[in-house]
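There are two complexes below, and they share chain A, which is joined by chain B in the first and by chain C in the second.
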Partner chain A sequence: MSRDSIKSPAATLASNLNSSTGQTGKPLTITTLVSVGQHPKSGRARVADQDAKALELALSLSAGKGTAAVGKGEAGAGKSQINLIHAGTATAEQQLVLRGYLGMGVGQMRVLKQSDGADVIPVLVDAVRKSGSDVVLTGSRAEAGEGSGMTPYLVAQSLGWPMVPAAVEITAVGSGEFEILQALPRGQRRLLKVRAPFVASIDAAAAEARQTAWAAGQRGALEHMTLSSNDDAVLAEAAVEPARKRPKRIARAKKAKTAADRFKAATAKSASKGGAVLVKESAEEKAEAIYQMLLSQGVLKAR
Partner chain B sequence: MSDVIRKDPRKNWILRNRLHPLHEQVVAEMNGPAAVVRGPSGLIRKNPHAVGFIGPNGIKRIDRLGGSGSAAASAKREQQEEQLPIIAIEQPQSYVVVVVDAANGELSAHDRDVLGQARLLADGRAENTAVVALVFGALKAALGEAANPDHAFGLAGADRVMLFDDECYAGFAPEQQLEAMLAVDRQLSPVNWLFPDTHLSGNDRALRLAARLGERPAMHAWQIKDGKVTSRGGSEMTDITRDLAAATAPRILALASECALPVDEARYEARLLPLPSVPNAMVRIKDAGAVAVDPNQIAMGEAEFILSAGNGIHDWDQFHATAAALGATEGASRVAVDNGFMPRFRQVGATGTWVTARVYIAVGISGAVQHLQGIGSCEKVIAINTDAGCDMVKRADLSVIGDSQEILAALKARAEQGAVAVSEPQQGKADGESNHNVA
Partner chain C sequence: MLESVIPWLLAGFIAVLVAGMLRRISLWRAGQPQQVNLVAGLMAMPRRYLVDLHHVVDRDKVMSNTHVATAGGFVASMLLIILVHGFGLDSVWLARALLLTTVVMFIGALFVFRRRLNPPSRLSKGPWMRLPKSLLTFAATFFVVSLPAAGVLPDGFGSGVLAFILLAGIVAGLGEMLFGMGWAGPMKHAFAGALHLAFHRRPERFGGGRSTGLKLLDLDTSNGKTLGVAKPTDFKWNQLLGFDACVQCGRCEAMCPAFAAGQPLNPKKLIQDMVVGLAGGTDAKYAGSPYPGKDVGNAKGSPIEVITEGLVSQETLWSCTTCRACVEECPMMIEHVDAIVDMRRFLTLEQGSTPGKGSETLQNLIATDNPNGNDPQSRSWWAADQNIPLMSEKKEADVLFWVSDGAFDMRSQRILRSFVKILKAANVDFAYLGDEERDSGDVARRLGDDATFQSLAKRNIATLKQYKFKRIVTTDPHAFHCLKNEYPDLGGNYEVLHHTRLINELVAGGKIKLDALTTAGTVTYHDPCYLGRYNGEYDAPRDVLKAMGIELAEMERSGFRSRCCGGGGAAPITDIPGERRIADMRMDDIRETGADLVAVGCQQCTAMLEGVVEPRPQVQDIAEMVAAQLVEIEQPASKREVA
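Right after this comes the complex of A and B.
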């Protein structure tokens, strides 16, 4: 932990003056906003799943196709640079978790220290603006706290950049243009085209994050920066308590006026009554019946 | 002539003899339809044969409740069902807007729940409040210009409908849709914006609108009760409750499914509202269409269409070829996995994956309880089996009894023939990577 260095904002600004804007030939700057996650069962602090996937996507985007080389976060000539930014309380325990991101192969992370319960959006927007990024990647929803999923949208709104939700793959196609594969429900994918700069949130269906190396995480530098905090008045007013189990919806008869009707509705079996049975038809006729059903359900896609 | 009641002994004799060919005729003549007649001595006689009616099974039924029994009651109830009252809100002073998903142009169960919640919010307000359903994309059943209480929207509780069905709103067009929502916000200034909390449609729209308007939404809300909204926090571990009457109350709400009961007590007008003029958005995210996905790369749990194999499969190459021809994700029963024909992660059932496919074809699977549990949430099940009495046939919506090898061969041939017939008109368009077929 003694390696933590504090960079002055002026130095950061100066280093960004000659950073790229996503034009051809210039190196790409990818910023990943990461948070401290929470295990869904034990509640222990951990590397947030989607944020780690976002960093994985950033690393593979910076490495380009085919190369598995891991960037050290330094802007080499023609090589893309990865900025890691975290804003939060950054207690000693949380710093251990943050080093998990560094262990994925990034040299340093900027940690913007905030007071407990602060609204981190203004400082994040400020940091992203100063970093001169072309691409900003985040998870879609925080694992701890409110978890509303607003962060990428607010950052994009403040910067005036387009926001692409649920990305699973990003490929640079040149001249600042990117192709983004978006995850749709039921495992389907959609292709989107967008120009840098943009913000993208990562879907849970994206490629699994690489393993984090402990030693590399310890070697990496956390650049601390204590910034003035903006109090989150809305969340302070809200009552936060452990989640209650949602009540199950009871099946209800549409117009149950008598007790017998209500009883029947509550105890009715939901299983289907058994459909058509084809026995004597020829194999072709049976296949046709199945095919017609598949067509009517719309699961057959013209290929 | 005289008031003396005279007997006809022959007719009386026929009346007593139910097998007499003239019996019916004489009964009708003497007793008429009435079950109660004056006897020859002037006493009241009840004819037990004229009481009651012949039931649907040919058995005589006597209704001793005098028409106030269940049959009459249910008939009355059916009549009521047909005539749900129409509730019209003529001059609304405020609005609650629901942006429904209406994927495929039809309201989903989730949409109906959110409309039900909107109804509760609107009806709980002191002033006249109308529920406006906002739809992006065309509807399957068209709405007329006048009131449409019998349309799905009217039955779901929408007073007004705004239909943005232009070309520019189709597909993934979040920027143009946001412009439309902002225009509606300026025109109606709704008290609440409600969205179904669905991946990439309701959720995305709610977040975009909230970010643009600079408001704090209540996302993943699952209950609105006593003027308070409760939403789930990160990792589903906390409940965050906010007061809807407070100054910082959320105006934009993304509601989970089953947040409220859908409307079923009344019909509403579902009148089309004129659309506000929407400025053209700067489109920076271009939708290049759906991408073909290898069905076997889709996780079993979320696959839409599964072809599953069991003990009844003997030709495994044919099974794989059929799955490929249909574009189905492959599944298997425990037996097929134990025998080593399919990998373990393809197993469907209690010990394998609980699938949510819309269409599930079970080939040669008799339907063990554990397997039927695993396909519990499948919408349509098709069984191909040699045994017509097996449990899978009882569960299935369509059962085909016969040799699986023959039927799969015919199905594969039909699918290949159909695929050719369908894909022909697209040949001219699909000339490169840039033209993906839009789903």
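Right after this comes the complex of A and C.
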């Protein structure tokens, strides 16, 4: 398995707690892992889009969205606390970018300084453990460097926590439980119920991140910690070359006369194949068909 | 009997006036420090009042004469009253002079009275409706009271009932004029206005000068100061003073495009809200037009409360197109745009609450140096077939062509190409920066993000430093304004021209010849705000049009009174809803002239006006019109052979 490591940008971790986990009564701690992104057009370092959305989710969770349901009747009792952590080379230019996250309304960020090409997973896992987090949020995939999308999985694996990919909304529903709305292909959504602690990666379809306030970002504190870097054996062996654009598959429009027709043909969803229409069958038969479908899709597990 | 009471009354009222003035001054001094030259300012004040301010007031001749009579009559009367009645100087001639000045004042006050009979909606009512009566009372009373001293009536005159009537008149008159001046009555404007003229933040504006560039924001975040203006006391002290000078004449309101479009902005109300803020209280006593769609009476504030939390709504601040029509029109020379941008700076830099597409635009500017997030390496693609020399290769040229972000927009590219055609036809030695150019920072700055503005500007200045050129020419008035008026604060000093000025030079110098344009029908010209009011360039575009044989059908609102197209101040980005679109209203102005074609000199205006649904007059940049009328000039023989 490939390890997610950093080339130049790195994963950062923000943690924000504001509600109570209910069972223990201690305040909820949300940790967000964020990285330094790369603008798709200019290639310049920037606040990574998905990581900013992860921090946005953390901030709105901490601002009380759904906290009413946290704990039993102790809504808003726990004081939330936000810890932001970043692991990476943290060059001067990257630090300017990191301040963009601070400008979203977090007072400080822990910056775990690592050498170029180091495997950041161990230091991130260590930081999450020490932070006493209940929830770890991060983007689904880094915008630069290896960009394998493995960070959330590897962190979850090391912690022994469940990992929920492609989250777009998280709501605390009480007793340490959270409802996570998950993005599926073609705009479909699935609601999951998850018990803390867990790791979730945030999908690009999540709500837009709030605006960065430049002055707040300047005033926020970057707490630097230089930690010993772990070599990334996998990356060391790998050869890095620029990605090639994969050609997009375009459905051939047979007899398209107009540009509009061609556009429709190129963008149309493929019609669903298989399936059956049950109209006259009995209710039991219909239910059985649905049940079998859910089993085959892996939504339900056979008892 | 009256003669013995008046000196005491005078002394009493003057004491109250002085106390009020001192309190007012302490309110202003709660603002931020700003260096002014006190002595020079005070010395210059009479001239600024009599010449510069009068110049603005004089646009309304009747009102101007009214004010001269009333104000001049009052000041002279007051001085004479102190001498004649206060110190009891026994001079028939002084008393007769006093009779004369009160008569002058009375006549002026009659005109004020007349205007208040059926006041236009832009004027504030409330205490301002009382003012003409107070003025008449003051003038009439002191006229009668002075008759004995002037030897017209016997000394014993004015006893019994008449004495009481006169006494009441004196108290009422002095109350309005002296008490009111110190304690926030309508006459406050005289006292605050005089000092405002003396200590104006932009003294360059006096004596026919122009000062339109925004002031640089100190970006130091380590000293505990908020960036921009959050509370009234974050304004410079002389800005607070300026707000107090407002006479609520509503000339700004009448000119404001956002107000006319039904967006929640009224520059007069905004200034009055600033007055509420600096003194503390509510807007319940405000008796003028509200912000469209918002009721009066709900705003409250104090010097140390955040303005956008209860005093002024954020949409109000973001509705402004920074067109400067209000500033141009204000007889008190108040700087609305400075105040609005100061408050926007707080919202953007401290609160991160730029509305609409503001946040996205700023992010794009930071990451790609252009507002729409285009690849910065594609900036010169529009010129792929133009064969324009690059500064990075040529190093030196007479003219540096500043392209601006129109480079990414297909409509604007037609303007750019036309201009290049003209430059080539005239054999101008020019070059451009290609991909090295960045957004000028105009939009970032109007959005309140001075950090991004300064970053862009500094990098542009560093790029420009590498090359030698005599002048910069651009087709974009916004870039023109930034480069010319706002880069000097960061060390970039250039001679900058708008393309119409260069074209005009080329025509006058015989470098290009233009055919008469006879097929366009009726033509009018729209003055872009950032070219006209910001830079005073009204003539060059008109001269060029004249060179093509065009007789302009001018709009009622043209020249310094031109109405904004709605595209400035990042207004299309923040996009605050109103009842109408400003561009539609401007197109109606254009239609009124019966024009078939409207000539413009700005890509932003072109985009806004062409966004108006058809049928409507055609919209063309002057560069496009000129490029179409170019006549080949006979080349020297040697060159012709090669061709």
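Convention: the second predicted complex is superposed on the first by the 208 of 303 C-alpha atoms of A that agree within 3 Å, B and C clash if a C-alpha of one lies under 4 Å from a C-alpha of the other, contacts with A are read in each partner's own complex, and residues count from 1 in each chain.
FYI, a contact is a pair of C-beta atoms (placed from the backbone, for glycine too) under 8 Å apart; a residue touches a chain by one contact, two chains touch by 3 or more.
This is a predicted model, so every value here is computed, not measured.
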{"item": "Touching partner for A:His224 - first (chain B), second (chain C), both, neither", "value": "neither"}
{"item": "First (chain B), second (chain C), both or neither touched by A:Gly103", "value": "second"}
{"item": "Chain B versus chain C as contact partner of A:Leu192, first or second or both or neither", "value": "first"}
{"item": "Partner chain in contact with A:Thr212 - chain B first, chain C second, else both or neither", "value": "second"}
{"item": "First, second, both or neither for A:Leu294, with chain B first and chain C second", "value": "first"}
{"item": "Dominant contact partner of chain A by residue count, chain C or chain B", "value": "B"}
{"item": "Residues on chain A lying within both footprints (that of chain B and that of chain C)", "value": "39"}
{"item": "Chain A - residues contacting chain C, complex", "value": "39, 41-42, 44, 46-47, 103-105, 210-216, 218-219"}
{"item": "Contact footprint of chain B on chain A as seen in their complex", "value": "37-40, 43, 141-150, 153-154, 156-157, 162-166, 179, 181-182, 184-195, 198, 233-235, 237-244, 246, 249, 252, 254-255, 257, 271-272, 274-279, 283-284, 286-291, 293-295, 297, 299-303"}
{"item": "Residues of chain B touching chain A in the complex", "value": "77, 80-81, 172, 175, 199-200, 203-204, 207-208, 210-212, 216-220, 222-223, 231-243, 246, 248, 258, 261, 264, 284-293, 297-299, 302-305, 326-328, 358-359, 361, 379-382, 384, 388, 393-403, 406-407, 409-411, 413-415, 418-419, 422-423, 426, 436-437, 439"}
{"item": "Residue numbers on chain C that touch chain A, as the complex places them", "value": "219, 221-222, 226-227, 348-354, 358-359, 362-363, 366-369, 373-377, 449, 451-452"}
